[in-house]
Amino acid sequence: MDFGDSPAEAEFRQRFRAWLVDNNPGLPASSTDDDYWAGQAAWHQSLYDAGFFGLSWPTEVGGHGLPSVYDAILDEELAAAGAPPRPGLGYLVHGILEHANDDIKARFLPGLVNGRDRWCQGFSEPDAGSDLASLRTRAERDGDEYVITGHKVWTSYSDDADWCLVLARTDHEVPRHKGISAFAVAMDQPGIEQRPLKMINGITKEFGEVVFDGARVPAANMIGEPGDGWPLAMTVVSHEREPGELGYVARYRKLAKELTAAVKADPTAYDAEQVRQLGWAIVETEMLRHHVSRRLSDRLDGITHGPEGSVDKLLMTWTEQTVGHAALGIGGADHTGDGDDTWLKVYLYSRAQSVMGGTSQIQRNLIARRILGLPA
Amino acid sequence: MDFGDSPAEAEFRQRFRAWLVDNNPGLPASSTDDDYWAGQAAWHQSLYDAGFFGLSWPTEVGGHGLPSVYDAILDEELAAAGAPPRPGLGYLVHGILEHANDDIKARFLPGLVNGRDRWCQGFSEPDAGSDLASLRTRAERDGDEYVITGHKVWTSYSDDADWCLVLARTDHEVPRHKGISAFAVAMDQPGIEQRPLKMINGITKEFGEVVFDGARVPAANMIGEPGDGWPLAMTVVSHEREPGELGYVARYRKLAKELTAAVKADPTAYDAEQVRQLGWAIVETEMLRHHVSRRLSDRLDGITHGPEGSVDKLLMTWTEQTVGHAALGIGGADHTGDGDDTWLKVYLYSRAQSVMGGTSQIQRNLIARRILGLPA
Amino acid sequence: MHVRFSPEQDALRRSVAQVADRLGPQAVGQLDDGERRAKLDAAVAESGWRELRTPAEGGAPWASGVEVAIVAEELARGLADVAFLGPTLAAELRRLTGAPAADDAAETVALTGDLAALGSTVAVDAAGAAVALGVRDGHVVALSVGAELPPVDLTRPSAEVGPDAATLAALDDDAADRWAALALALTCADLVGAMRGAVELSVDYAKERRQYGTAIGSFQAVQHLLADAHVLAEGSRSVALHAAWAVDALAPRDALAAAAVAKAYCARAARTVGETAIQVHGGIGNTWECLAHVFVRRALLATDVLGGEGPNLTRVLAHHGVGDQTGAGDGLR
Amino acid sequence: MHVRFSPEQDALRRSVAQVADRLGPQAVGQLDDGERRAKLDAAVAESGWRELRTPAEGGAPWASGVEVAIVAEELARGLADVAFLGPTLAAELRRLTGAPAADDAAETVALTGDLAALGSTVAVDAAGAAVALGVRDGHVVALSVGAELPPVDLTRPSAEVGPDAATLAALDDDAADRWAALALALTCADLVGAMRGAVELSVDYAKERRQYGTAIGSFQAVQHLLADAHVLAEGSRSVALHAAWAVDALAPRDALAAAAVAKAYCARAARTVGETAIQVHGGIGNTWECLAHVFVRRALLATDVLGGEGPNLTRVLAHHGVGDQTGAGDGLR
């Protein structure tokens, strides 16, 4: 039981800390501004080029083959420097790594990891949100290609994306989970229309809707075999639930740090309720940091988690929403137009965490049934 | 819309306030001590004899035939004087008033209202709590009598009771709700064994278990007709959910007042979290007071509430538990044995409010289905 | 004690509800519909609701705090994007201080930058207003209304105020307390209306939206979220009605204390109810096109006007003799 | 960074769990079984767990805060009614201040009346203790243990202390911080154990108890209450383990800050989890015979030792440079 650094870890920490001094791009901690996403892409490439991205992924795909705990160290240093979090792409990388053949991995993973290729994820549909297995997008074989027709929503960065990981139904004869396949679909083609989705905090660049109307994808771009879409989706979704994968601890710590600075700068301006909200933002963020260290350490011993990801997701959600409440309480709504309205946007953004990657209700169902063994 | 007193109400308020000066028995606000229940009986009779009990019940049974809002005025004055709440027996009175024939009403209600006869309520069973309709106590006809066999729990004051309002199954051939009848059973007979039930705050006098093993009750003591037990139970339970019926606003206000006095007596001894808990105890208690005034006023216009009782019950529960948290936070656990442990007991007692009279889960089900119209 | 609407109050409630339902925005896209908004404004102007707190003979207002709260609640429930809070509070400020009646120019009030008190920084609910009544150095002043500010509440714009102030009248403590009591009671009614609207919106969605082959409103988890939201709205309504009644019925400090109790309760409840509305709508609830966030944003403004949980808990505690321990509150005022 | 138990730590955990499961109370009625309690005490005495913080060569303890936390967590999970917290903290106080080793008499610690700091008013976890080490005027003193007090925690009695105090050693700031860090980390572990035990008890009950013809654990509302309780226990475990590690690995003030973070989190979580346990047990959960309240009462003692949410949030904020605004806290110490 050691939360401290090994000599190698300490060396890495020092090296990254030194690099950060000159390379902190000064972005906000989450998408409160549409410029953020362009900055994120540059930040991804900057981290990659300096050797600080994909730490725990295989070297063949551009990663560094380090234990996952290095991600936690990176996150701690990012937060300490007030730098933005690392782009969280692990869910896509793991989905492809675990389910694709070597050809797909070799063709797609290096560009995904090095940030030169932008990817989006075409899973959810207007009538298939929590109930993903009811998706209706279809892919029909036409020679060496499939033709895709359907409507996806919540496709992150779809406007900038070069590629989309699309789930589509290839077999209508089998039960609903079984007839789904996954494809890497090029976004730059006539059969695809992309529309921005405006979020409640006004951001339009994070999510989009994508309409596939006869888009074409080579059969060789199928990830796995026909019908393998569901297990791939489960891999992706389970990684989407893991704060260690997403690097969100750095997000929350950066926010808590900025809120602390605001209160310290003018302590008499804040009442007991606001100070209390700050206290809980700090406490929960620290809790999550240690929880992630514990989970990432389990991987050192080869332990991978199944339903425990739902525990992590709820802790992450509660932490983000506690930080969001502190942001609203302390930063408040800007009624004067003087400052910016970042804190209000942080609050509004925090509400999505209890929906995306599976609602909090779904996570609780999974915990009750699969961890606690309660009857259906 | 008038929260203020009419001239008649103001006169009543003054009269009661003057009486209270000399007649406040100085009991705690809820059962934190086994002596409390003996004191409650004397308090009931004292209120009755002075003409301040059963304000809204018919004069024929010893009430005063006043509008229900007089109960709210009485509760306000009790709380203002730091006097104990009025005994809450309205659920039994209404159950009998609404479902019994004139003979039963004449025989039983005066003694119930004047406090000379003590009553308990034999509804719940070890395997029939929330699911009351599954009760298994049975009453079998034997000439002019019924013979009762079964096991009841949560029978309030069963050790002192003269009478028990018993629900028992009289017909096993019909669906479970339909075969239940209600009886007024004399407690002083050989076929009844009473055992105290010790609550988590150590109190043993409030609730008991009652085992009926061949207890006898005249058929003339049936309340209503055979099979009328369920509608009677629903009347009783719905009144048990109403804070206006139970007089609990006075309980919570008295507690909040005592906690306020403790903090005012030594303000530097309490931290921001404790002061905050006090603030919410005051705010929620005030909310509940006004809510009860609103509900009682509806009755002036002849409006009776159905599922809205579940709304009242949840507001009452949240208020009691907020007061309970303040009691724990401010009064705390007494580790020195110097003072008394009233506040710890108040906290522990507050936890039962989300179970008795139907769990909070049941109340939410009723609100969702019967008020909001959500599908089953 | 008769905590029921009179027949006249019931009729008022129905007529406000009709206007809000007929002319309020039914979808986010309709917020930009200037023609609709002009019709709504005309209907409200014609109704006389904005003049309920102007002085009748003897200086008393034409209507009590209860009538004003009824209007505020129903307008909020329907997300009516029309001036009401601002003009009403401006009229009250003139009435309480004996300032001369306004000329024809539409008025609102100016508050401090955080909206927590009367001031001279931001004009709230400023649609169509030319003048904002604020306070400087203990005196009521008239300020010109400038450019609209980036909106927090999409239904009620705030605006800059000009630097020049014409002094109208002195503001004594009783008037300040009475005014604050009305401002708090009004924002409570606004919050109650927003809660009711948000619950209705969410219940309707939960009945329609299907996942796993069934309406999501049949899941106990969703039912309980909505049940709790309904209960919070009902409790808020009771305490807000008391505050509205207290505005004219109690002494100024007691009226303010009653209002502070209500505001602390309603502000906390509204945050939870708004979050429930977003949650029940799932992904859709996090998009701009869903009305859930319009309710949330309206509640944010209503919360901030004269403060939410923190400042009002401080007021309540001070009223009960528990001193301000935070160094930031200001007691009852 | 390797946040996993070593094989030795795993083995320790298993052996404590075995003792607690074998000799701890399986029902409320067994709390009065003196024979069982004597066997449990003998097993713990034999194990040497109470001596983990006595000094080895060089003055370092035999085992780190992590081992001590492992023992505390598993004992609490099994509601073990045996002295551990008190003797461990007494040994740590001697070790840190260089006070001479205890003679054979069993020792515990004396705290202030509210248990929030070292003091000389109440001896906690005093079963079998003859001596309580406390603090007066900045010095560690030895006090005699008197009569047992009415218990809050049914598994660990508190006791009066005698008036006479033998001064043992000075207590400097670093030692006081380090000691407080261990005390907080230990009580966090205790809370985590109580939470785990309460969740297990409640899950088992929810699987068995039937209403409406089905196990209550099949209702989504009950499932979600228990799922949240499990998540709170898991989050608490992570932050409590960090605090336990920090006791010896970080500088005293940082160790104390880590412990305060953990205690604030665990205290709040434990209150909720305990209340969930009572709620899931329904009527039965509100009776003395149900173990739910024994977990709640154990958690109340663990919460109060060195304080719960309020004092520890204050410590955390002070560590981050946000001053004490309440007039009641005492910064990091």
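Going in written order, the chains are labelled A, B, C and D, and every chain counts its residues from 1.
Criterion: contacts are C-beta pairs under 8 Å (C-beta built on N, C-alpha and C of every residue); 3 or more make two chains touch, one makes a residue touch a chain.
Values in this document were obtained by computation on a predicted structure and should not be read as measured data.
Undergrad: Taking CA centroids for every chain, report which one is farthest away from chain C.
TA: The most distant chain relative to chain C turns out to be D.
Undergrad: Name the chain pair with more contacting C-beta pairs, choosing from B-C and B-D.
TA: When the contacts at B-C and B-D are counted, B-C has more.
Undergrad: Quick one: chain A and chain D, Cα centre-to-centre, how many Å?
TA: Spacing between the chain centres: roughly 37 Å.
Undergrad: Roughly how many whole angstrom separate the Cα centroids of chain C and chain D?
TA: 48
Undergrad: Using the touch rule from the top of the page, what residues of chain D touch 2 or more other chains?
TA: 219-222, 224, 313-314, 325-328 - these are the residues of chain D that touch more than one other chain.
Undergrad: Quick one: which residues in chain B touch 2 or more of the other chains?
TA: Counting only residues that touch two or more other chains, chain B contributes 267, 272-273, 275-276, 361, 364.
Undergrad: Considering the complex alone, what residue numbers of chain C touch chain D?
TA: 219-221, 224, 325-328
Undergrad: Which part of chain B faces chain A closely enough to touch in the complex?
TA: Spelled out, the residues of chain B in touch with chain A are 272-273, 275-276.
Undergrad: So in the complex, the part of chain C that touches chain B is made up of which residues?
TA: Of all residues in chain C, those touching chain B are 1-6, 9, 66, 199, 203, 206-207, 214-215, 217-218, 220, 222-224, 226-228, 230-231, 234-236, 238-239, 241-242, 244-246, 249, 261-262, 264-265, 313-314, 316-317, 320-323, 325-326.
Undergrad: Enumerate the contact residues on chain B facing chain D in the complex.
TA: The touching residues are 124, 127, 129-131, 134, 153-154, 197-200, 202, 267-275, 328-329, 332-338, 341, 344, 348, 351-352, 354-356, 359-361, 364.
Undergrad: Give the list of chain C residues in touch with chain A in this complex.
TA: Listed in rising order, the residues of chain C that touch chain A are 113-115, 121-122, 124, 149-150, 152, 158, 160, 210-213, 219, 221-222, 275, 278-279, 282-283, 285-290, 292-293, 296, 300-301, 304, 309-311, 313-314, 325-329.
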